[in-house]
C-alpha cells in the first residue's frame, strides 16, 4: 500500500449523481484482487479520507477506475475535481475477493447500488478465467442505472429497481436465479441487503463485501471492526485490512 | 456595504510575492473614498476574512484593484485563485482618507510596504483635484518594488529600501522632503512606521491609516479597537468602521 | 412550515437569533437585512460601568474557528439603554440582553436596570473566559452559579436564561444548579478557553494570551453538552457553537435545543442568520419534519 | 540542527512520536517508512484483559477533526507482550506503553506486566472518554488521579507519564496532583468529549453516542492547557492535539511541551510523522532556532 497523488484522466457523470473517475498512478500496478479499495482525500476541508472500491484496472493505461455516488458533502465536493488535477490517494487497501473459481464453474454476483462497482472488476477477472457469471444488480430507479451494458457483455444480467421503473420491482433477493447451478456467490451492497442475501444463499458458499465507517483505512485504528462468529479466531476483524471481503459465516452482520 | 461574489478579471504577480487582483462587481460603484477596504473570504478553509485596501477603482470597467503581499497561509492561498473565478467579498468597509485638499496645495504620501496600495487611489484623487503630490515609498528591497511608475506619473517619488538596493537606504522617515511646503500628509504602513511618521511630522496636519486584526470588519465585534487620546470622545475607535484612517492626534499607537 | 417556538417570555417566529457579542447592538447588520426577520436578537454583554476591554490583538484564526478576547468591552448598562436600545426596539423581534459583571452586585445592578421594558429576556453571562474577575468563576462553580442566578432573578420579572461555560468537568451539575436557583432557561455554550502562539513572535497572538474558541470546531462539544443536559434538566435550551448551516440547526434541535444562536458565522456572512431562516423550511422538509417544535430533542426518542 | 531531547527515561533523537491509539502497534505504518526514524512510539492502550470495545460506527468526521469511540479495544496486556511488541522492539526507537484500566488494580496489573524490559516508558491513560468504567473518572478527579499515579509508580521502575484529560475545569490542579503522586512527566491532551447527530437518522452517528474529539479543532485548547501547566508544574510535557505541520510542533514546544505526539493526522497521511521529522530542521531554522531544546517554553520568556 502506498500514498500518492494520482492524476485524474477521466471524470464524468454516468447516472444520476453517480460518477466515474479514472486515476493514473502506481497504485494501479499494485492492485492484487477485485474488491480492494482506495482511501481518497477529497480536499483539505474533509478531515477523514473516503473509502471507494476499485471498479476496474487498466494495466495498459496505468489507471484505476472508481464509480461513486454522491452521498454527502465529501462525495459532492469530489464531483468538482477536474481531469488534469490530482487526488491524494492511499491504496490499494484490503484483501478483496478471491478469484479461485475454475473454468466452467458458475458464479453469482449480487450487487446493490453503489456496492455494484467492485463486482465489475471481479466479473472481468472471473470471466477471464472461464467462470460463467450471472449478475443480479439492484438499483433505486431507472435514472440510477449504470454499467448494465458492461455487466451484460460478461454474462447474464438481471436488474431490479425499488420502483419497478426497469427490470423487476423489488430487491435483489427477489430476482435470484435458480441456486442449484451456482458454485459461489459474491455480494456487495448496503448491510441490510447483505443480510438478506446471506440468509437466502445460506446453502451456497460465498463472499460478502462489507462497508463500515473508517478512520485510518490501513488497519491501525480499530474504527472499522466487525464481530466474528464464535468459532472464528480472535473475535473481531477489521473491515479495512482483514476485509472488506469476508466469508458470510465468519462475520456477524 | 454589501456582500457579493466578485469576478476575478485580472490576477498577476507584480513584485516578489506581491500580487495585483482586479475584481468586478457592484462594490466598485459603492467606494466613497480612497483608503476604504474590502473584507475577503479566501476560501471555506479560512475562518476569518482578510482585510485588503482598495488600491484603485475603475468606474468604466466596474472593477476594484487590490494589491496584496503573501504574508501567511491565507494570502498564499489567494494566489491560486484564477481569472474567471469569483471571490466572496464584503465591502467597501471603513471611511478612508478625506480628499478635501484644494487645487495648488501640497500633499505628502508616506507608504511602507503593503501600506502603499491605498495611497495610489488617494494620489489619483488628489492629483485629479489639482493637489500636488509627493510620495515617499519604502520597500524592503529591489525585488519588492511595485507601482513606482504609477506613482511617478502622479508626482515626485522618493524610494527607500531597507537594504539600499534601490533609492535611499533606510526607512521612509529618512527620506522625507522639506516639510515647510507640505499642507497635509497621508500615511499607511506597519505600525512602527506610522509611529515614526507621526513623530517626525508632528507639526504637519495629516491622516494615518491603521492595521489591526479584525473579526467582523463591519463594526460589530469590537476586535479592532484602538484607544483614543483622552480628549477624544468615547475612549476608543473601531479601525474597521471608524477608521482605518484617523487623525494622528486622535489615536494612541 | 411552522417555524415558531415558545420559550419562557419569548414567542419566537423562528428559532434563529444572533449570539451575544457577535452582533453588536444590531445596527451594523441592519444594512444587510431587515432585523425584524430574526427570531430574536441577543445583544452584546452589558456591565455596570463602561469597559474598554482587553488590549489588541483580540482575535486570532484557528482551524474551523477563532479565538476572541474582547473582554466585555461595552458602553455600560446605562449607555446601552440610552444609546443602543432605542435603535433596536422598533424592530418586530424580541431583544435579549446579555448581563455580565465581576461581582454579584454588578450582575444584580445590570439586571435591574436593563429590565426597564425595552428587552424581553435576560441572558446571564456567567461564562466569559476573557475577563480577569468574575465572569468565568461564576460559570465554573455550581454554587456561585446558583448565587448569581438567584440574585438576578430577584431583580427582574423578565425570564432569565443562564449562559453556561463549557470549560467545566460536569456541565450537568452546573445546569442543575441554575435550574434550582430558578433560571427559566439555559444558553449553551459559551466559548472554550484556548490559545494560539505565533512561531515568528514566539508569543500568544491574542494580547490577553488566552481567548475564547468559537466556530464549527466546538460544535461537537456543544452538541454533547446539550444532549447531556437535556436528559437531566427540564429547562429550555438556546443552543449555540459553530452554527453555519440549516443542517447544523437541525442537529442542535435534535440534541435538545429549543432555539439556536449564531455567533462567529456572522463575521463570515453578515446575512447568515436571515439566510438560515430562509433555508430552514426546506431543510426541515428534507428530513421529514413539519415543524421546528417536532425536532426538539428528537435524538432522545 | 540538534533535534534531540532528553526527558525522563527517554533519549529521543527527535521530539516526534505517534500518539496512542492512532498507530496501532506500528506494523501497518512500517510499510510506509522505517519506524526507526521516529523519536519514539506510543502504542495502543493496554488493559488487563482483551477488550472488544464499542459497537460501530466508532468514528465520525467533524469540522477540522473527528470523533472516535473505539473503547479501548486491545488484545490485553499479555497479548500485546506476546504478539505485538516483538515486532516493534527491533526498531531503534523507544517504545512507550499506554496503560489503561477500569480499576486501580487493573492499572497496577497492566503496569507491572508491561514493565518487562520491552518498553522504555509508560503513559498512563486516565483520560479515555469512551469507556463506561474507569478511564475518564480517574482523569477528572484530582484525588483519583493521584491514586492511580501512585499505584502505577509502585509497580514499575520505568518513567511514568500521565495522560491528562482536557474535560476538566482546572487542568493545573490535575497536573499538580499527579506531580505530587510522583509522575515523571505529563501527556497532554487526550480527546474532548463530543457528539455528532445525523439529521437523517436523528441519532448520534457514533454508536456509543459520545466520542472523543481530536484533530486541529482542539489544538487551541491543548496549547492553552500546556501553557497553563508549564507555568505551574515542573514535569516535562509530551504535547498533542491536532498536530499536522512542523509549525504546529513549534507552537507546542513554545507553549511548553518537550516533545510531541501526532494522532489522527496519521489517518490523513500515513507518513506524517516522518514527514514532520524531515521538515523540522528547516522550520526551526526559519524561525531562528538552532535546536529543539531551545524552543521549549519559549512563549513564557
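So that you can tell them apart, the chains are marked A, B, C and D in the order they are listed, and the count of residues begins at 1 in each.
In this text, a residue touches a chain if its C-beta (ideal position, glycine included) is under 8 Å from a C-beta of that chain, and two chains touch if they have at least 3 such contacts.
Owing to the predicted nature of the structure, the values given are computational and were not obtained by experimental measurement.
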item: Any chain in contact with chain A as well as chain D; value: none
item: Chain located farthest away, centre of chain B as origin (C-alpha); value: A
item: Where chain C and chain D are represented by their mean Cα positions, the distance between them in whole Å; value: 34
item: Euclidean distance of C-alpha centroids - chain A vs chain C, Å; value: 47
item: Distance from the mean Cα position of chain C to that of chain B, given in whole angstrom; value: 36
item: Centre-of-Cα separation between chain B and chain A, whole angstrom; value: 56
item: Multi-partner residues of chain A (at least 2 other chains); value: none
item: Touching two or more other chains - residue numbers and ranges from chain D; value: 62-65, 215
item: Category of the chain touch graph - line, ring, star, complete, other; value: ring
item: Touching pairs among all chains present in the structure; value: A-B, A-D, B-C, C-D
item: Residues of chain D that touch chain C when the two form their complex; value: 62-65, 67, 140, 167-170, 192-197, 199-200, 202-204, 209-210, 213, 215-221, 223-224, 227, 242, 247, 250-251, 254-255, 287, 298-299, 301
item: Interface residues, chain B side, partner chain A - complex; value: 44-45
item: Residues of chain A touching chain D in the complex; value: 1-3, 41, 46-49, 74, 90, 212-227, 234-236, 241
item: Footprint of chain B on chain C - complex, ascending; value: 21-24, 27-29, 31-32, 44, 50, 52-53, 56-66, 68, 70, 73, 75, 205, 215, 264, 266-271
